[in-house]
Amino acid sequence: MKIAVMSCIHGNYEALNAVLSDIDRQKADRIFCLGDLVGYGPHPNAVVEMIRSMDIPTVQGCWDEDIVEGLNACECSYPSILAEKRGKAAHEWTNDQIQPEVREYLAQLPLSLREENLCFVHGSPHNQHEYLMPEINAFTALERVMATGADVLFCGHTHIPYVRTLDAGQLAVKVQQPEGTSTKQFTAPLKQIINAGSVGEPRHGRPNATYVIYDTDDKLTTLREVEYDYQLTCQAIIDKGLPAIFAWRLAQGLEYAERAEDPTHVCER
Amino acid sequence: MWAIASGIEGNLAAYEAVVADLKKSRQEVENFYLLGDIIGPTAESNRLVKRIQQPRNGEPIPLVCQGWWEEQILILHTLGRTGEPTELIDRYGIDMTKTLWDAIDSTTLKWVQSLEFGFAELDCFLIHGSSVDVSDELTPTTDPIQMLDKLSRMEANQLFCGRSGLAFEYKIESGSLTSQVQTLDTLSAPTPTVLSPRRIVGVGSVGRIEGKASYTLYYPGSNKLEFKTVRYGAKKGFG
Amino acid sequence: MDRHPIYLVTGPCGSGKTTWIHQQLITSTEPSAYICLGADATPIDLTYLTATCPHVKPISAGASWTQLAEIQPLYVEVAPQLDLASLQLPVSIESCQRIAIVPKGLIESEYHDWATQTLISEVTEKNATLTASPRWGLTGEVLDPASLNVFWDELIQGAYGSVARAKGIFEIVDGRSFYFSFGIGYPDLTYFELPLPPGLTGRPTRFSGLEVVGDKLQAQVIMETLQDCGLDDNALAYYQDQIRSQLSTELPAEVLI
């Protein structure tokens, strides 16, 4: 079975449409979404309505949570005052635009989904705000997958798609207590972290949307990059009164506002 | 030599026994760590805190960090990191909220607020639970990959903790893992990660078991550990 | 007494006049003087030259600079808006060395006719301009360095209009002052700390600002973005206090500012 996993649409309806068309062409059997449906982009309500109408199983992203809770994301996620101000402007605009039923939908989204040996989260199993970057310590990455009990962990949040395969994991442990000593060997079967990238706010240097297709039969993953008319999104950003710099940054394949570089940053809120 | 203790839980006699035991040692105590749970749901906690704040001549000055009971009293006074004392009620029942509230006076509360969360010294991290949560109970049966994660978060080779109240040395002697990353534009070669030895040490509990205080000595020069048990009180002579 | 040379240096905006003057000054240790003539006088150039070349004396345009010319070399940057033919000088123009910095591709011009020496810069003709370039005064603003980096990258990559030349002096939160320079045809992007004493007591009074040569520049947006990069009073007071505390534990007391 082929499953398509997408993430971080961020109100970019044009990109979402393009991805859904591509998923159709790829003949995926199921679709999952890893959250951040809204935030920064010009069509938050349309994006949510599309996801809802297609009944796509979705987890709650950090931006979705912020819109529900009325918060402004954790300040420590922004590495600069400028990024923080842009993030706040985007939050206020999105908060203002969101329709009540859309907010209710975002509020009831689960933090994770499980499908046999596959687990779906936004950031990490521990926190919606934690970035699982491809270069984090291999054992840390292994812990994140194993914490779910699954073999494959799908995540988003970083906006750069990747597949990380962790294999041949072993640990030798010796425990000494006043009452005696014991040793144990721990081995881990093959595990994977698959990051779905971002549909609506790319960070890989090109404005195209990204998502992944995973084949549950042969366990192979395809990273998909989909071109779309991003200028339409850029124009909508300007027409709807979002900061014009977002339009420029999208066209460059840059995130709207930079994120923290700390890969395992966990919000202390 | 470091002396590391935890879980006094307001037991002043147990604390005195440990301090007396340290005095008997011929080696100077360079650092004396108290890793949380200094207080417990007893008024004796207030006397204990005063005693800790006023070490006598020749006694090492304790370095104290917050523990689970300290976090609970802060929560009750809406000074904690979470809003509700859910965990306190789940473990001890609703009546414990009043017991704890009545036991701890305002001077002790103020002292609790001033405590560190943990200590980093050499390649060691010393904390009550873990850097993730003060409630994190690391034990001899905790999954190795979890233990490794707690160490990695603090970039430490050694983690000293006290939440479980148990004395143990959990040594990860070796480890290896292969990682390969595929991105849109690249596919890396499989890269091995090899672990150097590291460990988590449960430092025991001073006051949890009446009449028997346990704590830990650590020798940074030789990297050796010594688990100590001190008996005190009326039953001392009967072992 | 021998007269020291007077160098008159002119050319279009963005052609590299200040860069050339700086190159002459930085390689010399003898006291020199610098003056900028024209309504175009930019404190950025003045601040940059005097901070990096301590042996250079800046002179304001109204001062009696001819007497100084008797005792030291004098570099006079002439803004392109001034009419070279009717340049008012207290000495005869024939006694001055007249340098024109012209962009590549400019073969004939009033500069060529006027100068005793014409130097071709790396800047192309389309990236230099005769019109005054927009500038933004930022004196008193203290910027967050991470924000400044983002803004600067956006600026030189064209987010706010097409930029041929940009230079700025910015104060950042740890009290240091930085000079940023970018120009098409120039060597790599330059930024470095100016050798000035750290400013850690309130808002700085020394000059900071930005000047840009370009096309379709969004002046208002540039100003607003720069303001968004700045710290408010509370944040500034907090960080300056932190830094002063940190310095007081690191340095001997007599070195404290």
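Every chain is named by a letter (A, B and C) in the order it is written, and numbering of its residues begins at 1.
Methods note: a contact is a pair of C-beta atoms (placed from the backbone, for glycine too) under 8 Å apart; a residue touches a chain by one contact, two chains touch by 3 or more.
Being a predicted model, the structure only gives us computed values, none of them experimental.
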Central chain (distance from its CA mean to the mean of all protein CA atoms): A
Far-end chain from subunit B, centres as C-alpha averages: C
Approximate Å spacing (C-alpha centroids) for the pair subunit A, subunit B: 36
Mean-CA-position distance for subunit C and subunit A (Å): 45
Centroid spacing, where centroids are CA-atom means, of subunit B and subunit C in whole angstrom: 58
Subunit B-facing residues of subunit A, complex: 126, 134-135, 137-143, 146-147, 160-178, 182, 184, 186, 188, 197, 204, 210, 221, 223, 225, 264, 268
Of all residues in subunit A, those that touch subunit C in their complex: 79-83, 85-86, 244-245, 248-249, 252, 258
Complex contacts: residues of subunit B adjacent to subunit A: 81, 132, 140, 143-149, 152-153, 166-184, 190-191, 193, 195, 227, 229
List of subunit C residues in touch with subunit A within their complex: 144, 146-147, 149-151, 154, 157, 159, 221, 225, 228-231, 235
